[in-house]
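Below is one structure; the comments refer to it alone.
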């Protein structure tokens, strides 16, 4: 359903990502891994419209979405989270979620000012969807809380929930368990599995190898901005280039 | 989802009734004028709150848009146009002029928006002082007639030459502004403004067109500011470049910050309390701005949510303490 | 031709002032990332302090100038410490508001102490001479020379001294500088002091030529902002070049187009250029 075609990004003439192509299939969990500085985040940012690729194309369901702004890409059925937990920390949990539904509705200036029947219907719809997501995240009793009152893990779950609000067909997660302890990581992992079981395709960037090996269906490995391997966890585990990149990375650097 | 507790609603009702009865108790024409001015400033400050407080974009052209409204009404009514047509026309004019300003300045980021809008404010002020054929230059335009009578069913003919009538006119516009802002701010659509203020990258990532959101907020603020300016022109009966100056922007900012940013009641309280306070503290007249300048710095550092924000915090502390006492009592008895 | 040369001369003199004031502002913006809207008002205060020493206490011109620079330097340190440092980590809009509070305060202060009427310092060098057919006063030439000397001096300070290098290091990478053990707070205070002291210098040189008034800082401060944006935030050469260009544009525009709208040119140019290039003429591209 998603296709990246020879994506390249140059910063001041230096290639952060070079000629990377891969595909994400409907219903799978695909992981993009690689040592620090391998170009994972740059690649991710090109997929989500934050960076414009220097060359190469990005397709979603056969539509060319290269160069679209992030807010437009969301409407194509692709939602993302950020590496550092990114929330609206001045607002309540429920407000955080409802914002994520806005693009699906016609809640604009005039509808809101005039409280048209449409406004009422959409507003209720957004609220119900938020309650549904709260339930899914296990945060129902915290809906009125402000963000700083939530734990690290709850914040990470909420960040995923905001992305889920707009009913994306594909979810892109940037290190969803960064900074969490093992127990919390396991709970987030289960949440990601449940998201996939609901029929949402998932793409994850991670460097926690162990977690990825148990979770991903397929893995793409980057090193120095290039794709060095692609395949199932078993294939990746025994791939010579990957082992070298991970074990020998420090020697080269 | 967004309803207020009952005691707060009752409090607002009491304030409204007091406001409606106020003309019965004010006999001093000068003080009455101060009160009417406060209402107009409150309208403009509420609008500023929308773009600065809720959307987080430091628009420093607010005085200029107030001025566009004031000059618009002055020029049009002098040309024989009815006030009732001139007022919306001037407000629409502010929106049209605001469009290129917003399109240019909102593309830029961070400091640039504030600086560009401030520059625009200065340009408008210079133009008001120098385009003598249109604006009367430094002398401005005077002898602006009060609005013509209107016929209202049930009430009959209303004549706007009296202060009381102008007071109710201003009050009606304040209520209308608050009503509109209440609807906008406390809704999913309003949340998008706060989303842009709070975390622009995330707002973008969840499908909000942040540029359009900012532009709508900016233009809505300009429209309302121009309405307030248009009313100012007929209440004072004259306009001069100071009604379009950046000094006015700074005044609104003082009302907004001291009253309480990002709360609807804060702007109203700030715009009312401060001018009336200043009138009653005449002996401080010379040091007014000295005090307010310093206050602005102190408040933004130590009480960034202003008076109303401070009240809310106090309320929360009391509630927390009560809750703690209650739980302690339970522990003791248990 | 004479009119043209006269305007160019005036333009360079105005430009000298703009360059110095913008230089101070760009240092503060580049290093501390503080949009100091009160910078023009600090310039105004510098002029009044010079007036105080020169006219009220009767000190000589050069001594008054020095005293003004020292006092404004201290004002800069206090302002950084009291107004802006507590706001570190707050949304940038709070910096704006604090800066506006400061400028309202400074203007009201000057108004309360010195009154609204314009004040002028007796010109210490009123002699005039003819050069290339245009009339110059020594004081005006002095402004140009002093500005050039200051710019050269500041250049050597930034490039050849440890302190200058430290300031540049903080400007380029605040966190990195902190990690290498640089006391960033001290550097901030020094930068602020340099910025305000140079503003005082510019104001002192101009005070025998133009009237001092409490409101003179507002427009100058905004022009300095425009120069800084057009020259690229934090760019010293950009600020200098921008200052001279704006001085010339104004002098020629004021002489040939419209004197009343002289002040509009700068603001108009800013809006025009930002509409074409949102990051400024020499602005770095945002990633």
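Which chain is which? They are A, B and C, in the order written, and residues in each are numbered from 1.
One rule holds for everything that comes next: contacts are C-beta pairs under 8 Å (C-beta built on N, C-alpha and C of every residue); 3 or more make two chains touch, one makes a residue touch a chain.
Everything numeric here is computed off the predicted structure, so don't read it as measured data.
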Q. Given which chains touch which, is the overall layout a line, a ring, a star, complete, or other?
A. line
(Q) So, comparing each chain's Cα centre against the centre of all protein Cα atoms, which one is closest? (A) B
Q.
So, comparing C-alpha centroids, which chain is the farthest one from chain B?
A. A
Q: Measure off the straight-line distance from the CA centroid of chain B to the CA centroid of chain C, and report it in whole Å.
A: 33
Q.
Nearest whole angstrom, what separates the Cα centre of chain A from the Cα centre of chain C?
A. 47
Q.
Taking the mean of the C-alpha atoms as each chain's centre, how many Å separate chain A from chain B?
A. 41
Q. Multi-chain contacts in chain A: which residues touch at least two other chains?
A. none
Q: Using the touch definition up top, name the residues of chain C that touch chain B in the complex.
A: 29, 35, 37, 82-83, 86-87, 90-94, 96-98, 100-109, 111-112, 218-219, 222, 225-226, 229, 233, 260-261, 263-264, 267-268, 270-271, 274-275, 278-279, 286
Q.
Going by the contact rule set out above, which residues of chain B touch chain C in the complex?
A. 52, 56-58, 60, 101, 103-105, 107-112, 114-116, 118-120, 122-123, 126-127, 130, 246, 250, 253-254, 257, 286-290, 292-297, 300-301, 304
**Q.** Contacting residues of chain B [partner chain A, same complex]
**A.** 1, 180, 183-184, 187-192, 194-195, 197-199, 201-210, 216, 220
Q: Note which residues of chain A are touching chain B in the complex, please.
A: 48, 50, 69-71, 74-75, 79-80, 82, 86-91, 94-95, 98-105, 107-109, 111-113, 115, 119, 122-123, 126-127, 162-163, 165-166
